[in-house]
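Two complexes come next, and they have one chain in common, chain A, joined by chain B in the first and chain C in the second.
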Partner chain A sequence: MAYILFTLSVLLVMGFVGFSSKPSPIYGGLALTVSGVVGCVIVLNCGGGYMGLMMFLVYLGGMMVVFGYTTAMAIEEYPETWGSGLEVLGGLLVGLMMEVMLVLWVLSLNEAVVVVVGFSDTGDWVIFEGEGSGLIRGDSIGAGALYDYGRWLVVVAGWTLFVGVYVVIEIVRGN
Partner chain B sequence: MTPTHMNIMLAFTISLLGMLTYRSHLVASLLCLEGMMMSLFIMATLIASNTHFPLVNIMPIILLVFAACETAVGLALLISISNTYGLDYVHNLNLLQC
Partner chain C sequence: MNPLAQPIIYTTMITGTLITTLSSHWFLAWVGLEMNMLAFIPILMKKTNPRSTEAAIKYFLMQSTASMVLMMAIISNNLLSGCWTTTSYINQPPSLMMMTALAMKLGMAPFHFWVPEVTQGTPLTSGLLLLTWQKLAPISIMYQIHPSINIHILLTLSTLSTAMGSWGGLNQTQLRKILGYSSITHMGWMMMTLVYNPMTTIFYLTIYIILTTTMFLTLNLSSSTTTLMLSRTWNKSTHLAPLMAPILMSLGGLPPLTGFLPKWIIIQELTMNNSFLIPSIMTIMTLLNLYFYMRLIYTTSLTLFPTSNNTKMTWQLENTKPMPLIPPLIITSTLLLPISPLLLTFH
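Presenting the complex of A and B:
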C-alpha cells in the first residue's frame, strides 16, 4: 500500500504498451479505456477528485464512446488480438519486459535517476491537509477559476468547438 | 520528480512511438494520439496537485477541450476515408505514390 502510486503508474505504462503494440483498433480501444481508468485512479490518489471525474466523463464517456462506434464502422471480419500473430505479441512482450526491467533497476538504485530531470526516489505522495479550510478542494477551485480569470479563454475554446463541429460537417460531406 | 513522473513520461513516449509506426489500420494511430493526450492530462494534473498551485488545473481542462476537437476532426477524416475505400487500411492511401 505504500507504493500504490508507483504501482498504478507501472500499470498505466503496461496499458499504454497494450494499445501501442497496435492490435486491431477495437482491442486498442479496450486497452485505452483500461489505461484511462488507471490514470483516473492515479489522479484521484493525488487529491484531484474533480479532475479525475472530469477525465472519466469527458474522455472515457465522450471520446472513447465515439471511438468505439467509429471503429465498429471500420472493422474487418476477424480482428487480430494480442495473441494472434507474432508482431503484436512481440511488441507487447518487448514493452512489458522493458517496463519490468526499468522498474527493477529504478527500485534497486539508491541515488537519483538522471535522464534530463533528476527522478529522485522521494517515495509516494501523501495528501497533506492543512488546518481550517478543508472543504475547499484545490482542483475544483482551480477549474472554477477558468471562468473567472480565464473568461476570454472560455470564449475562445467555445468558439473553437463550434468551428470544429462545422469543420467536421464539411469534411464528412465529401464532395 | 518521482519515478511516477518518469513512468508517465515513458507512457507518453510509448504512445508517440505507437503513433509513428503504421501497421494496417489508421484508427490505431488515432488511438495512440489519444493516449498521448491522456498522459499529458495526467502529468499536468499531478504537477498541479504536487506543487499546490490550483490555477494550473486550467491547463489540463483546456488541453482536453482541444484534444476533443482534434479527435473529432481525425475521426471525420477517418469516416471520409472509410466512405471512399471501404476500410481504413493505410495501404489504400496511395494517391501520392510515384
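Presenting the complex of A and C:
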C-alpha cells in the first residue's frame, strides 16, 4: 500500500475517461460519482481528513444527488451507454489504452520508484505551530479562515452562484 | 429580458469587470472574468430566437475555453514562482498560455472566428456591449502582465489580427459583421505597442470605445443591420446621413479626424523602437478596412438608391425616437485631433 496514491490517481483518470467518452448524462453522472469517490479518497490519503469528508458530503451528497434527480427527469427512452454505439465505445477504449500506456511508461522509468512510491505526502496538511496544543490542522482551520480572511471571496462566490441560477432561468424562459 | 432581472444581470456584468481590474490576486482576476461572462450570456439572448441562442453558445464555449487556459497558466505560474500577485513577473511558459487565453477572449487572430458570428446573432445594443465593455477586463490583465509577454508572438498575433480583420470584412453586407471585423483589426493595432508603451494601448482602447459606441448608437437609431437598410438613413433621420461619413472615416483612421490619433501614436512608438516593416504592413492592411467603410458612406450619403415614391415622405414626419448621447459622441469621435497634446499626457 505504499503506492496507494499512484493507483488511486490512475483510477481517477479511468473514471474521467468514462464520462468524457460522452455517454448519456445518466451514465456520465454514474462515472462522475465514481471519480468523485476516488478523488475524495485521494484527498483523504494526502492527510486532509476534513476536506475529504466535506467533499463527500457536499459534492457527492449534495450536488451529485441534485444532478441525478434532474437527469432522471430529463431522461430519454433509450439512453446511450458505453456499449451501445461505436463512438462512445471507441472513445472509452482509446482513453483507457492511453492511460495503460502511460502507466507502463512511468513504471519503466529509472526513477519510477520516486514517482510511484515517493508520491505520497500524507503530512501536508498539518502545521506544527500555534498556541494551545501546538498542532493546527490546515484543512479545518482553512474552513474557518474562509469566513475571516476570505470573507470577500465568500461574498463574491455566493453572489456568482446566485446569479448563475438567475442566468439559467433567464435563458430558458424563452419569451 | 424581464425588467426585474435586468438590474441583477447588468450589476453582475459590471461588478465582474471591476473585480478583474481592481484585484491583485490572480484567482480573483479569474473570478471576475467568469462573473462577467456568466452575466453576459442572457444579455446576448435578449431576443430569444435560434440565432441568438447559437451566438450565446459560441460566445460561452470560446470564453470558457480561454478561462480554462488562463487558470492553467495561473496555477503553473504559482508552481514555478510561488506568486499569486498580478503585478509580479510571470515565467515564460505560463505567460505564453496567458497571452493565448487573453487573445481568445479579445477575439484576436487566429482565435477571431467567433467575433463576427456572435456580433451578428445578437441585437445591436448587445453587440455594442460585446465589442466595448467586454474588452476592458482582458486588456486590464494584459496591461498588468506586459513586462513578461513574448514580443515576437504578440507582434505576430497583432499583424495577423489586422490582416484577418481587414480581409474578412471585404465581402460583408451585414453591418454587425462589418463592425465585428473592424473590432478584430482594432484589437490587432492595440496590442502592437503593449510591450513598448502600454499607455498607448489604453489610449487606443479609449478612442476605439468612443468610435464603436458612436457607430452602434447611430445604427440603432434607424435599426439598420444591413447595408440596404443603411441606404434608407436619408429618409429616416436626414441629419445623420452626412454625419455617418466623418464617423466612418474616423473609424478607418483618416487624418485630421480623431481615429487617426491613436494609430499615429502607435506608429510613432514602433518607429522609435526601430521597427519599420511592421507598421508599414499594418497601415497598408488597414486601408482595406477603410475601403469597406467608404462603401458604407457611399450607400448612406453619396447615392440615393431608387425607392418607390410613397416611401419618400418619412423624413417630413417628426422623429420621436430619442438620440442617446449621439451628438457629443459624434463630436468626440471626429474633432479630438487638435487637442491631442492634452490627451497625450503619457509622452
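Quick notes on this one:
To be clear about the criterion, the second predicted complex is superposed on the first by the 132 of 175 C-alpha atoms of A that agree within 3 Å, B and C clash if a C-alpha of one lies under 4 Å from a C-alpha of the other, contacts with A are read in each partner's own complex, and residues count from 1 in each chain.
In this section, contacts are C-beta pairs under 8 Å (C-beta built on N, C-alpha and C of every residue); 3 or more make two chains touch, one makes a residue touch a chain.
Note that the structure is predicted; figures quoted are calculated from it, not measured.
In the superposition on chain A, A:Trp105 makes contact with neither chain B nor chain C. Once the two complexes are laid over each other on the shared chain, residue contacts for A:Gly138 go to chain B alone; chain C is not touched.
Touch criterion met: A:Trp159 reaches chain C, while chain B stays clear of it.
In the superposed model, more residues of chain A are touched by B than by the other of chain B and chain C. Look at A:Tyr149: by the touch rule set out above, it reaches chain B but stays clear of chain C. Contacts of chain A with chain B, set against its contacts with chain C after fitting on chain A, overlap at residues 153, 157, 160, 164, 167, 171, 174.
Across the interface of their complex, chain A is touched by residues 1-8, 10-11, 14-15, 17-18, 21, 23, 25, 27-28, 30-32, 34-35, 38-39, 41-42, 45-46, 48-50, 52, 54-58, 60-62, 64-69, 71-73, 75-80, 82-83, 87-88 of chain B.
Contact residues on chain C toward chain A in their complex (touch as defined above): 1-2, 5, 8-9, 12, 15, 19, 28, 31, 34-35, 38-39, 41-42, 45, 48, 56. Looking at the complex, you find that chain A touches chain C at residues 153, 156-157, 159-160, 163-164, 166-167, 170-171, 173-175. Per the touch definition, chain A reaches chain B in the complex via residues 5-6, 9-10, 12-13, 16-17, 19-25, 28-29, 32, 35-36, 39, 42-43, 46-48, 50-52, 54-55, 58-59, 62-63, 66-67, 70-71, 73-74, 76, 87, 95, 99, 102, 106, 113, 115, 117-125, 138-139, 141-143, 145-146, 149-150, 153, 157, 160-161, 164-165, 167-168, 171-172, 174.
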